[in-house]
Amino acid sequence: MLTINRLSHEDALLLIEGARYKAIEIGVPMCISVVDESGNPIAFERMDGGKVTSITVAQDKAFTAAAARKATHDYNAACVPGNLVFGIHTALGGRLSVVGGGLPVLVDGQVVGGIGLSSGTPQQDMECAEAGIRYLLARLG
Amino acid sequence: MLTINRLSHEDALLLIEGARYKAIEIGVPMCISVVDESGNPIAFERMDGGKVTSITVAQDKAFTAAAARKATHDYNAACVPGNLVFGIHTALGGRLSVVGGGLPVLVDGQVVGGIGLSSGTPQQDMECAEAGIRYLLARLG
Amino acid sequence: MLTINRLSHEDALLLIEGARYKAIEIGVPMCISVVDESGNPIAFERMDGGKVTSITVAQDKAFTAAAARKATHDYNAACVPGNLVFGIHTALGGRLSVVGGGLPVLVDGQVVGGIGLSSGTPQQDMECAEAGIRYLLARLG
Amino acid sequence: MLTINRLSHEDALLLIEGARYKAIEIGVPMCISVVDESGNPIAFERMDGGKVTSITVAQDKAFTAAAARKATHDYNAACVPGNLVFGIHTALGGRLSVVGGGLPVLVDGQVVGGIGLSSGTPQQDMECAEAGIRYLLARLG
């Protein structure tokens, strides 16, 4: 039998809150998704002005980061023609996202979920994802 | 040019909050989805214990209620073999939900969004959806 | 080698125009789709107030009527549990529509396309589809 | 509550008319799609000779341009291996189009919809999309 550590509903809302504060600070309305360690959504928010395409993109980034236990920007770096990883971006009907902005959430060295953002540049999306994780970890004590 | 009224991010969080309070009261952890008047997600929460299948079902109920401007239980009543509406439940890849628990959100007689719940019985899902709408309308003044 | 008769772009616009006039007359804003004899879209219109879910439903009705050379309400009548046709409504990922409102367009006894409407009751949808066909045939001389 | 501006049915037909005139002028039969600000189709036409594959491609270009508020050729420029945006072209099941020919429609600085064309070269598609927008804006006064 396995015992799994997983983000709670409350943890997910803290991740979103932290990411949203950063999004407000940089002035970019975001789509923010949090999933559990299996890649299943726990919480999602589209801020006023977040893009409709980013609803799915944010969810796919969070899904990929948690389920593959890898930041989407790390996949992006490897997903170049000629590299054996290339092509991974079409897997799962394109749901495996290699666009920067998805991060696994680690607690005590274990992936317990993922966070994904979309609507800004990938760099802005990543910055807000990181802010969400910092915000959660500061509150987990 | 048309002018459309749409739930804001803040409105969506109030709908979810009201539905969640009712879910806690009746002791059923729920998946709760809120979409805008075009059927696009604004906010989603899966309470601890909400079902994984209900993630999509809740979203599809909210989508259907808003985008078809009809409660999903009203579709359910009409979707019986021999009725000309029968078969609508497989439309949009099955995304058009005829399972009770999705309600359009009306403000000043206009559909401005939709709310969908899943994880309980359809009656429990409907009860929480109604609670969410009452909670929002009381706060819109 | 086969020779196929097919609705032209101009014919498709006439079908939509005729259906739209009827929709205005009965006061129900509709989604109206016209496809060719192979089921591929030629023209589509969503009137102001047409439902978002009806975009796809109208297209699927037109597709079914043309590609199966059968009115969708005829499929509806046969698609009852216990009948060997039952289950056809989930074919093609649910794209095969058995909801009333899709009609094949026949010219000189041949199916040259299909028209599908959605947003009203199936009876209203069927009435507008018939009006579109009458409108076209009157102009084909 | 939010207030949104959206293309009307009449606006959509003007966009298509303007694009069609340009397509006739350059001698390339086109598939032309117009969607609202949420990415949902309002009108579509396939001119006689328009390609069957272009039916979906035109719709996806219009969807992307409106829902992401960005021209598809701008996505194309950013979607190169090694760039953090690379991979966005497989998002939404490949529905997020990075092929030139989709433009957001802006009125008073707001995205109110999108137009997408397909069947020609991307440059021809873009030229006709621009012509459609010019034609509409000249008539909005």
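Letters are used for the chains, namely A, B, C and D, taken in the order the chains are written, and counting of residues starts over at 1 for each.
The working rule: a contact is a pair of C-beta atoms (placed from the backbone, for glycine too) under 8 Å apart; a residue touches a chain by one contact, two chains touch by 3 or more.
Chain-to-protein mapping (UniProt): A, B, C, D = DNA polymerase III subunit delta.
None of these values were measured; they are calculated from a predicted model.
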item: Shortest walk length in steps over touching chains, chain A through to chain D; value: 1
item: Type of chain B:chain C copy interface by residue overlap (half), same or different; value: different
item: Rounded Å distance, chain A centre to chain B centre (Cα mean); value: 25
item: Distance from chain C to chain A - Cα centre to Cα centre, in angstrom; value: 42
item: Distance between the centres, which are taken as Cα means, of chain C and chain B, whole angstrom; value: 29
item: Mean-CA-position distance for chain D and chain B (Å); value: 31
item: In chain C, residues with contacts to at least two other chains; value: 48, 52
item: Arrangement of touching chains [line / ring / star / complete / other]; value: other
item: Interchain contacts, given as pairs of chains that touch; value: A-B, A-D, B-C, B-D, C-D
item: In the complex, chain D residues that touch chain B; value: 1-8, 11, 36, 38, 40, 107, 112, 140
item: Interface residues, chain B side, partner chain A - complex; value: 8-9, 12-13, 40-48, 52, 55
item: Complex contacts: residues of chain B adjacent to chain C; value: 2, 38-39, 64, 66-69, 81-82, 84-88, 90-94, 96
item: Residues on chain C engaged by chain B in the complex (per definition of touch); value: 48, 51-54, 56-57, 60, 73, 75-77, 79-81, 86, 89-90, 93-94, 97-100, 121-123
